[in-house]
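Letters A, B and C mark the chains as written, and numbering starts fresh at 1 in each.
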Amino acid sequence: MANKLLSTDRFFSSDPDQRLTARKLYDGICNLPIVSPHGHVDPALFSDPHANFGTPAELFIIPDHYVTRMLYSQGIAPESLGVPRQDGGAVENDHRKIWQLFCNNFYLFRGTPSGVWLLHALSEVFGVDKIPNTENADRMYDFLSEKLASPEFAPRALFERFNIEVMSTTDAAQDSLTQHQAMHDSGWKGNIVPCFRPDNVVNLDAAGWRTNIDALSAASNVNIMDYGSYIKALENRRQYFKQMGATATDHAVIAPLTIEMDKTEAERIFQSALQGKASVDDAARFTAHMLMEMARMSCEDGLVMQLHPGSLRNHNEVIFQKFGLDKGCDIPVATEYTNNLRPLLNKYGNDSRLILILFTLDESNYSRELATLAGHYPAIKLGPPWWFHDSLNGMARYFDQVMETAGLYNTAGFNDDTRAFCSIPARHDVWRRASANWVAGLLVRHMITQMDAEDMMQALTVGLVKRAYRFS
Amino acid sequence: MANKLLSTDRFFSSDPDQRLTARKLYDGICNLPIVSPHGHVDPALFSDPHANFGTPAELFIIPDHYVTRMLYSQGIAPESLGVPRQDGGAVENDHRKIWQLFCNNFYLFRGTPSGVWLLHALSEVFGVDKIPNTENADRMYDFLSEKLASPEFAPRALFERFNIEVMSTTDAAQDSLTQHQAMHDSGWKGNIVPCFRPDNVVNLDAAGWRTNIDALSAASNVNIMDYGSYIKALENRRQYFKQMGATATDHAVIAPLTIEMDKTEAERIFQSALQGKASVDDAARFTAHMLMEMARMSCEDGLVMQLHPGSLRNHNEVIFQKFGLDKGCDIPVATEYTNNLRPLLNKYGNDSRLILILFTLDESNYSRELATLAGHYPAIKLGPPWWFHDSLNGMARYFDQVMETAGLYNTAGFNDDTRAFCSIPARHDVWRRASANWVAGLLVRHMITQMDAEDMMQALTVGLVKRAYRFS
Amino acid sequence: MANKLLSTDRFFSSDPDQRLTARKLYDGICNLPIVSPHGHVDPALFSDPHANFGTPAELFIIPDHYVTRMLYSQGIAPESLGVPRQDGGAVENDHRKIWQLFCNNFYLFRGTPSGVWLLHALSEVFGVDKIPNTENADRMYDFLSEKLASPEFAPRALFERFNIEVMSTTDAAQDSLTQHQAMHDSGWKGNIVPCFRPDNVVNLDAAGWRTNIDALSAASNVNIMDYGSYIKALENRRQYFKQMGATATDHAVIAPLTIEMDKTEAERIFQSALQGKASVDDAARFTAHMLMEMARMSCEDGLVMQLHPGSLRNHNEVIFQKFGLDKGCDIPVATEYTNNLRPLLNKYGNDSRLILILFTLDESNYSRELATLAGHYPAIKLGPPWWFHDSLNGMARYFDQVMETAGLYNTAGFNDDTRAFCSIPARHDVWRRASANWVAGLLVRHMITQMDAEDMMQALTVGLVKRAYRFS
């Protein structure tokens, strides 16, 4: 199959002047390497040189909650898509049937980012030249299966072909990072680094918190008996992550509340938690306090701090009970930054050692709170459009609503935040095209010069992300 | 007067490529019949074969709160526009003078949806070829009066000329639906169905609640003495509405709070209400509980459930006291869906029998909460831009902010929501043009194929609305 | 240096049809005089015929918090930009070095409104033909210094050259207005009027409130001993401001809460405040009550009432402690209007004597609350995009989200709100171009006629602002 699915001018404005300008700007940066500072790809794909992606259904459907949520929204049961049940109950295990069902319903992805990413991966990574549908599903399944069985489509081979300069995974604080160690030991040159994400030891109400604390003790060789040893264990793990190449931490909260507690209160709450008696309010206050602590540690050890607030996890308890975490039922809530972050910013926001990258699922904050905070505090950089907003329109709204007030140079470039490895080139391509279209829009309206435009494109593609994540 | 007011290319992008593409897509669907699943047209216009629209002022000005609010915002007294006073006090009754005042101020509607609808109705329905102004007011009044007196401009004749396949009215739970019965009895073939809207018997603080309950008793032949009989009466009325052709219910609340109460609490509050002693908090909780009950009934009887939250009714008490309900002083408030709807969605959102159509007056929810909820829960479909957002820009924002995340196929097509019968073709025309322009924008940026585009246009015009409202 | 920095077509759509249409509309109004009804230019620049703007750093950098915040966000210390410290500590006083630092970092302003204003002032006011950079900084400093020393660049000369018909300053209630008096006495013909801004005597928790009250007593010749005399003093000052040419008042609050208190409560709180004992809640309620009082006074004396809610002042306490007020660390918060303003609007919103101009930093309110309120209440006019939103994209969002529902004629034209006198032509030029582009967009999509468009441009440039601020 030859490669005709994607137009070279896709996503650019239909205005001939802006389109041509955008294409030229895009051509100037489209071959730059990919810098992927935040994502959720499984490092095990790369630690074992013989790892592979499995069937087309395993690659494109079963683990991708973007795909399964959309199919579920139209009443297609996760079981029929092969999504494993928590209770081990039966689900479809004929992957050809799963693929057929997916292709039958591919029209649902028209005009969606998932549709864009899927078509890009099919076309650019695998050389498919048709849009999946009922008729071609079977043939396409064979075609993809054959490719996936070949060494050219092994994870490491694709990592190299994708021209990824560096990619970060996301790892729990108590994670042993054995996959990362194995990668280093294997002598493979791919640059994959971990990211320190301590949510499930910091949020006292996280599922399995007590067990996670034991694992943290074990991983850190610090016997966690009190608040002091807990902090020490976290500091220890940050050091280890850093040694393994990490440059950043990541923190997910409902509200980005920050509170400085005195040690006595922190100790009291921590002891309650150890005894399984922390209240909901205790847990919220402790998380708020730990954000302050994490900012302090970042000042000291130089790890960049990422903050992802505003996602109400597992909104649909039926799906959560049956299928577990990350099944497409995390739903955003309105988020307040100005008051919530004030204590943290007053203490650390003027500190030149801190980089705090803020994300949002509440776009009403782009122009109201986030751009104004980033346009003032030296520590703040704004992360790119996150999750549902990592789309062509989402990026256009971000450029429109953020850049004038924050200034381009207070943003953090792009990150793909994906579990779906083969979608990485697609996602960066959308960003690069959206960036080129935005910069072209400024240029054709005579707001910047050609030299400005070219500099800005370099910044948007590699400069800002490397600076924000301390990769250079 | 010949017909020159409206350009055939109106509302499309000025980019020649997108414009031509949009026009072709529009031409492919512009003659499809109108499906109008939600609105407030008075059924009495159709039950009597000799009904007519009255004077131009009665048709275009006096009952249209979109028109009178804009004129009032510029200091023009409702009395001078003939809006009836609650106390029966004097108002202007020279309709020619009212029409003149309206025409003198027609410039106020420049660039507004009311302006678009009025010009479309004047031009396309009546053949007017001038924009109303001080000079032509008098002549236009004569011209329109003559038309309105002719049988071609009777409501039934226009219903047929407008090519309306089905139109829904909105009716209180205790409404006898005698107008609908009369329509059926008359043998007229126009398909006009009722919609079950129980707000004024469900919201305990509704004006006249106690009287409404008596009316509900009478209409249902269920003697409402307690919570159980109240529920039975509502179920009974839903059955009757269904027999009369209804496919949907509608619910207006300030916040879309949902709470499952036990029967004891529901009974306690209901009894308090019967005695006129329900507290404000009781009323809010009871409404929240009744939304759950209505979802349960919808699962059982198949009526589609519409939810319209976020309008603070009668904000201006001066106007409300003088002129009553629906006089242009309902003002939106910020609305939260994620937490408020969670109990209802956890109980019924995965139920394939339920269709729940959500609306909003708070556009910050398009991309934050509504698109993500609709892109996950099988029960949810998103209604079109509502009320103030039923406009060209409002539609563009909806397409921009909703579609990528929700997916087109989780939306519910268009509804006109109008009291002004002659604005129906105008409103659907705006939607069809806005749809064509949006789809054309995807096509010229190479995001979808020509076949996708044509399918999507069919869906946007008739497919989605028929499926969402169970008309097919 | 000749003048080549700015394209005559800047900011217009790149679509050839819309661009040409916009340019023609712009050409029709670009020479109209500037009406500047709200701003913060220091009247002392005009009371002394020999006043001058000082060095390039004093004109463009040191006092401009838009400029210093962006530089600070990138870690450039305010001290190094010559921003005076509260404690009198050392700051850079070599203005050539400050200018060099600014030019080194001028790229930070790419695509920002500050960048647009700075380039316009440099190019159109001073004749600079290069974008500031490291290499040209020194030469440009000499060039500008020479200009600034010449009489053609004195404030009064530029006021005349800018073709400013009227400009308002902003002045505390207790301000003696001696600069305004001196201007009048000097016989200079420039029309500069004061605006009555009583925040620091109305907000009981304002820094120095007690001292301000004494100053208010002195200025008004009313011995303020109780609530009654306080109100009398305020009424007295309003009269004086009116005599000095004021047509408006201005009020800044966090939330636009309005409460009608009885005199007993008002007196109780006022007495507590005099004794330094008012609680935080007292202060909030008193401010809410005083908004009602100010609306009452506006009905009586005809001063237009401006309301600027939603800015959390001095978010960064480190910067506030070191450098004081207005240093770029005021951050917006979400703002609620519908419920908060209801008491005021129910009492005065239908009063034809009141004009209440509303502003926002929370754009989610444009389409939700503000446009709907303005499209109903006769007293309300919507102010233009404020502060961070006074930008090309901010204006486009305003036109997009406000106009359909509010109607153009319920808006208040433009105001520049600037401290930076030389940015006034730039800011009005952006508004005029953005307006022309918006109106052109309506015209090329056949939504309005050519005559409509020309009328709307006149309104946007001078008509609406003069009517809203009672300048004509």
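Quick note on the criterion: a residue touches a chain if its C-beta (ideal position, glycine included) is under 8 Å from a C-beta of that chain, and two chains touch if they have at least 3 such contacts.
Note that the coordinates shown come from a computational prediction; the quantities given were computed from them, not determined experimentally.
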Residue numbers at the chain B-chain C contact, same meaning over half shared and different meaning under half, come out as different
Note to self: chain A rotates onto chain B (CA fit) by an angle, in degrees and to the nearest 5, of 120
Let me have the rounded angstrom distance from the C-alpha centre of chain B over to the C-alpha centre of chain C, please. 40
At least two partner chains per residue is the criterion; list those residues in chain B. 13, 15, 334, 364
Could you please specify the touching residues of chain A with respect to chain B in the complex? 6-7, 9-16, 69-70, 72-75, 107-113, 116, 131, 312, 315-319, 328-329, 331-334, 361-364, 388-389, 391-394, 397
Counting only contacts in the complex, chain B reaches chain A at residues 13, 15, 17-18, 334, 336, 338-339, 342, 345-346, 349-350, 352, 364, 367-369, 371-378, 380, 400-401, 403-405, 407-410, 441-442, 444-449, 452, 455-456
